[in-house]
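Okay, got some structures for you below.
Across the two complexes that follow, chain A remains constant while its partner is chain B and subsequently chain C.
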Partner chain A sequence: MNIYLKIFVREIKVSMKRWSDILTGVIMFVLVALIFPLTVGSDQMFLIKIIGPVMLLSALLASLISMQNIFKPDFLNGSLEQLTLSHHSLNGLVLMKILSYWATSSLPLVAVSVFIASTYYVTGTSLIAVVITVLLASTTLVNITALAAALTLSVRYPGALMTLILFPLSLPILIFGSKAIEYSIVGIDSSGPFYFLTGMMLLSFSLGPIATAFAIRISLD
Partner chain B sequence: MNFKRIYKYGSPPNYFRLCLKYENWFTVPGFLLIIIGCYGGLFLAPPDYQMGDAFRIIYFHVPSAYLSMSAYAYMALAALVGIVWRSNVAFSVAKSIAPFGASFTFLALVTGMLWGKPMWGTAWVWDARLTSEFILLLLYLGYMLLHASIREQKKADRAASVLAIVGVINLPIIHYSVVWWNTLHQASTISKLSSPSIAGEMLWPLLVMIFGYGFFFWGVICRAGATELLKREKRSNWVKEYVEEHQS
Partner chain C sequence: MNRNLLQVESLELYREDHLIFSDISFQIESGDHLVIRGQNGSGKTSLIRTICGLTQADKGKVLWNEASIDESLFNYYEQLSYLGHKNGLIPELTLDENLNYGLDQTDKDGKDQVINGFRLTDLKHSLIQNLSNGESRKTALSRVVSSKKPLWVLDEPYANLDSDSISYLNNCIGDHINTGGIVITSTNRDDSIATKTTELLIGS
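And now, the complex of A and B:
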């Protein structure tokens, strides 16, 4: 079997063993998203207005919870160092790790976002727009989170630092993701924000793994 | 390209001497220009016909805003040089730029708020420039915090440098996403203020102040970078020689 495929399968298996971490991320996502209707009231107009930012913010917070699991366990048990020593491209291996991390941490959020959006009275094609937005935004976010996690590997308690690194870098995604959802709900042509999100996703997948692999090398030095 | 010369001045002792030698070439003109600019801006320039004397804060606001942005570019450049050539000199320059860049960003934000309160009625507007300036402050703080929280000096240098470079790629994206977000949403409140057709007697103190700030910045960076270098190389021979030289 191809080494990259092997790494991907191995990562999935490992994170399935730590299923409680996956669940924690999903619970965080749901809780943050459900606090808003309970606190600001269940006015339909208002909920439809805030669903975009709420979705993306909850996804960001959920990734803050789970981002420690991308590299830290492998860093501590030494298998990350073995990966950097292999003759295969570290960029590719890191890309596989990022993809599998996305599949285990963000894909559940994409599924759950359908239900969250329904509780915010979103219906029909707008529901699809919400799902696609969360899909595009989370694929970009995992690359940023992976970079932040790799940079702070050797920091013992990186909590606040992670937030400080993550927030400015993910701001464009939050802005355009919210726009995409808002436009498709209101009924304006929302292709612009969607193009931007797709572009950001491609950019982050082309540069993200390289920067992350470089950051891992630095942290292991 | 004459790489020999780069390597010569890139070596820590030579760079250190160069810094101390030319420091005053920046600091002294910087102070003079700032004094002239202050006098010209605060006393000679006529009051604005709309804003009265309140506009005079421009002589501090605009130079700090310019410097806050260019300092980030310099920092990222130094970080890139440091990563490519593993140069301790470049890393110490990048590290010493960060706190000054953050201070100028903070200064630009505060003077902007002080100016905005009487002019627009609110201290803060969710305008593209203000927001990106605020994000810039966060990027500086992220660099400084990341550097401070990694114990090993070399690791900290390189990790923080990666962050600085990623920030430089991301800064235009952030800026334009805020610009588009804002122009899509509401008419800009301050576009008429941001490109004022400024009169000559108001303009020259501004230019003098901008150059004064720039000279002052580089003078300070000379001193701060040299100090940082001294701290890092405290175990090396040239530092020992330098200290012995200056004790007697």
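And now, the complex of A and C:
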């Protein structure tokens, strides 16, 4: 089996064993996103107005709560060290780790967002827009959180530092994601924000793994 | 196996203005087993990590077959199998999975033979988190021994091992250097070391 595929399969397998970590992120996402329709009641206009920022903020909080799990366990048990000592490209191996982390942390959010959006009275094409926005935004966020996690690996209590790195980098995603959802619900041409989100996602996948691999090497020094 | 040569030239390492070691030079080639001896805290692990390129030295360099490892890192890592203080095993996977999902190419027969040698065959399908410290250590050593790489760098390989495993490991090291491999180990003990070694004493 190709080595990169092998690492991807291994990471998925390990994530499945650490299923409570996956669940923590999903629960966080559901709790934050559901609290509004539950407390505000059936004020449809208001809910439609806030669904964009709420969805993206919930996704951000979910990734914040689970971001420690991407590299920290491997850092502690020494398998990250072994990864950097491989004669295969560390960028490629890190990309595989990020992809598997995406599959186990972001994809569940995308699936759940379908149900959450319906509690906000969002249906039809607007629902598709919400799901695509969550998909694009959470995929970009995975790369940003991976970088923040790698930069703070050797810090004993990295919570505050991680948040400080994560928030400014994720702000554009939050703003444009909210706009993409709002425009598509109101019926304005939303292609602008969607192009931006897609561009950010591609940028994060092309530069993210390289920067993350570099940060891992520094953290291990 | 090709002849290989590892040269270390006047290495010096500081950690937060504190000198860990300085002016360390040696040269070893195929068939050599270098033992790094020193007290706790004398810098054995730092030296080993520097040799592996995990830590950047403040001065000096490490050369593999006369090329600086910084310039040909992948080439060097293709030849290097390292075991540090941490075993590098994933606790949620079984012993067998850990060895199969490793990054090194191993042949199945060789791997089974090593697992058998370390008396781990019955534990093949146990999760690493359920193994004892000694058993985990042996699993990690099995990975190195079955890796078919010419350079083994082992940091305190004898820690947690029982006497049977120590003698099996010594046999493996002996076989490896007899077939043209290079082994570097570190230890703070006088016993349990394989024969035919070169020694490097660090620290005061």
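Observations
The rule we apply is simple: the second predicted complex is superposed on the first by the 216 of 221 C-alpha atoms of A that agree within 3 Å, B and C clash if a C-alpha of one lies under 4 Å from a C-alpha of the other, contacts with A are read in each partner's own complex, and residues count from 1 in each chain.
Simple rule for what comes next: a contact is a pair of C-beta atoms (placed from the backbone, for glycine too) under 8 Å apart; a residue touches a chain by one contact, two chains touch by 3 or more.
For clarity, every value in this text was computed on a predicted model and none was experimentally measured.
Legend: residue contacts after superposition of the two complexes on their common chain; A:29 is shown touching neither chain B nor chain C. Look at A:179: by the touch rule set out above, it reaches chain B but stays clear of chain C. Legend: residue contacts after superposition of the two complexes on their common chain; A:7 is shown touching chain C, with no touch to chain B. Of the two partner chains placed by the overlay, neither chain B nor chain C lies in contact with A:101.
Within the superposed three-chain model, A:211 lies in touch with chain B and out of touch with chain C [touch as defined at top].
Once chain A of one complex is fitted onto chain A of the other, the partner contacts of A:154 are limited to chain B, with no touch recorded for chain C.
When the two structures are aligned on the shared chain, A:221 is found in touch with chain B and with chain C. Of the two partner chains, chain B is the only one touched by A:168; chain C is not.
Within chain A, the residues touched by chain B in the first complex and by chain C in the second are 221.
If you check the complex, the residues on chain C that touch chain A are 52-56, 74-75, 77-78, 80, 82, 84-93, 97, 101-103. By the touch rule above, chain B contacts chain A in their complex via residues 135, 138-139, 141-142, 145-146, 149-152, 154-155, 158-159, 162-163, 166-167, 169-170, 173-174, 177-178, 181, 184. Listed in rising order, the residues of chain A touching chain B in the complex are 147, 151-152, 154-155, 158, 160-161, 164-165, 167-169, 171-172, 175-176, 179, 196, 200, 207, 211, 214-215, 218-219, 221. Touching chain C in their complex are the following residues of chain A: 3, 6-7, 9-10, 13-14, 17-18, 74, 76-79, 81-89, 220-221.
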